[in-house]
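The two complexes that follow have subunit A in common; it is paired with subunit B in the first and with subunit C in the second.
Coming up: the complex of A and B.
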C-alpha cells in the first residue's frame, strides 16, 4: 500500500499531491477524489503536485490527462507542478499530450499561475 | 644477499613478500609495512586474504589467484586492496610461483605496487574529457537569471538530441530557469526525425513547467519544416537569437530600456 494522495484546498485552488510511487489503486483514487473535491469546494483550479513522483506508467499518464480534461469540463484549470526531468522524458516517450493543461516548476509558482486568468500576460518568475 | 635485502627494504612503491603454498605470509619488508600498515609481528603467519575486500574473499578470489599462479607460474591483477586501517588503494599485484629444483611448490612471491596516484590522475583525465565532450555536444549556458541558452552547432542525431533533452531538463531544474532558448542557427539541415526530436524536447521542457523559444530559424530551415509537414505551431519560434531573447525577457515580464539621462542602464 503506497502513501495516500493528499488533497488540500488553498483559497479557491485545490492542491493534490501524488506520492513517490503510486500503485494502481492510488492512481484510480486520484480522479475520484479530485473531481469530488472540485465539486465540493467549487474550486476554480487544480494544482497537481507531481514533484515527489518517480515513476510514470501509461495508466498514470492517462489518468492525469483525463482528470485534467474532466476538471476543464467542470470549469477549472489544471496546472501540473514540479515534474522531475526523468519523469518529463518518460512522459514524452509515452506520448502524453498536455492539451490545455498548464505547467509550473514548483507548487508555489503553480498557485500563482492558478490565480491568473488563462491567456493573461504570462509571467514566469 | 645483503644488498638484495637493502633493495627490498628501500623500494618505495613496491611491497615484496613471500607466501607459503597455502597463502600465509612468510616474510615482510619495511616497504610492505609502509604500503599496507602492518608490522611484521602482526602479519607474518596471517593469510594474505586480509589484503582483500570482504566481497573478494567471499567470491574466492584469493584461492583463484593462487591456483592460477601455481598453474601458469605467474598471475597478475589490478584492483582494490585494503590497508590495515581499512582504507583502499588501487594496486597492481603479481604473484609468482616459487618451485624448488624438484618442481615442488614452495610458496609464492608477491609484488604489490600502489597505483593510487596513477589511477587518480587517469580518473581525473577521464572526467575532464567527459566534461569537455558533453559541453561540446550540448552546451547549456545561463544568459540571464531564469534564461538558459543552448547554441546548437552541427548536425543533430538521435543520440545528441537525447542528450540535449536530458541535460537541458536537468539544468533548467537545477537553476530554476523557466525559459530555454534553443538556438539552431548553427544547424546546417533538419530532417523529419531531427524535427521530431526537437518537438519532443520542447514538450518535455513544458512538462517540468518551463518554456522553450526556438531561435535561429533561417529561411532554408523554415522552408524545410513546412515542406516536411512538421507542425511547430505549439512552440514559440523566432528567426534570430536577438528576437528570441526579447521573447524570453517578455515571458519573465522584463524589458530592456535604453540608458536614461543619468547614464544608468535600466533593465
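Coming up: the complex of A and C.
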C-alpha cells in the first residue's frame, strides 16, 4: 500500500493532498473520498494538492480529470495545485490535458483563489 | 553494448504496477538520470506495466542497465502471454484503445523513451522493449 490521501477542510475549501507515488487503489479512492467530503463539509471548492506527486500516468490523470468534472457537477470548483516541473513535462509529453481545470503553482495560491469566480485569478499573479 | 546489472518484477496484481514503478525509479536514479528523465522513464513503465495487467493479467518486467558507445542506459522489457496485439500500428495510434483507457499508453510510452520495439501476435503474447540513454 502507498501512503494514504490526506483530506482537510480549510475554511470553506476542501484540501486533498495526494502522496508521492499512489498505487491504483489509492488513486481510485480519490473520487469517493473527495466527493463524500465535498458533500459532508458543504465545501465551495476543491484544492487538489499534487506537490508531492512524482508520477502522473494516464490512469491517474483520468481520475484527476473525472474528479474535477464530478465536483463541477456538484457545484464546486477545482484548482489543481503544486505540480512539479518534471510532472508537467512528462504529463504533457504523454498527452495528458486537464481541460479547463484551474491550476496554481502552490497550495497557498490555490487557497487564495479558491471560491473566487473564474477570471478573477489574474489580478493575484 | 554490455549489460551491467539486471532484475525483474512480476506483474500479477494491480499493486505490482506501483512496485514496478518503484523498481524502475531506483534503477534510473542509480544510472544517473535527472529528475525529468526519471519521471519520463517511470511514467513509461507505469503505462506499459498497466497494459500487461489490463490485457494479459499476468506478466513480467525485466530491467537492464546498459553501457554502450553513446553512454549508460536503461532497458525495460515487458513480456506477457496475453491475447497479443492484432495490429501494432493501430495500437500505436493516438487515442486508439480496446481497454477502455485513454489510448495514450503505447504512443505515450514511445514518446517518453528513446527507443521502442514491439513484438506481438494474436494469441501469442506481447513483448515490448523500451530504452532510454543518458548521453556522456
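Convention: the second predicted complex is superposed on the first by the 121 of 125 C-alpha atoms of A that agree within 3 Å, B and C clash if a C-alpha of one lies under 4 Å from a C-alpha of the other, contacts with A are read in each partner's own complex, and residues count from 1 in each chain.
Everything below uses one rule, namely that a residue touches a chain if its C-beta (ideal position, glycine included) is under 8 Å from a C-beta of that chain, and two chains touch if they have at least 3 such contacts.
Quick caveat, the model's predicted, so the values are computed rather than measured.
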Combined model on subunit A: subunit C and subunit B, fit or clash: fit
Partner chain(s) touched by A:83 [first = subunit B, second = subunit C, both, neither]: first
First, second, both or neither for A:24, with subunit B first and subunit C second: second
First (subunit B), second (subunit C), both or neither touched by A:35: neither
Touching partner for A:55 - first (subunit B), second (subunit C), both, neither: second
Touching partner for A:94 - first (subunit B), second (subunit C), both, neither: second
Subunit B versus subunit C as contact partner of A:104, first or second or both or neither: first
Inter-chain angle, subunit B to subunit C through the CA centre of subunit A, in degrees rounded to a multiple of 10: 50
Contacts of A:74 with subunit B and subunit C, given as first, second, both or neither: neither
Lowest C-alpha to C-alpha distance for subunit C against subunit B (Å): 8
Subunit A residues contacted in one complex by subunit B, in the other by subunit C: 85, 87, 89, 91, 96
Touching residues (chain side subunit A, partner subunit C) in the complex: 1-2, 21-25, 54-59, 61-62, 85-87, 89-91, 93-96
Residues of subunit B that touch subunit A when the two form their complex: 145-146, 165-166, 169-170, 172-173, 176, 178-179, 200-201, 203-211, 251-253
Subunit A contact footprint on subunit C (complex, rising order): 14-15, 17-18, 21-22, 25, 35-36, 38-40, 42-43, 46-47, 50, 94, 101-102, 104-105, 107-108, 111-112
Contact footprint of subunit B on subunit A as seen in their complex: 80-85, 87-89, 91-92, 96, 98, 103-106, 109-110, 121-125
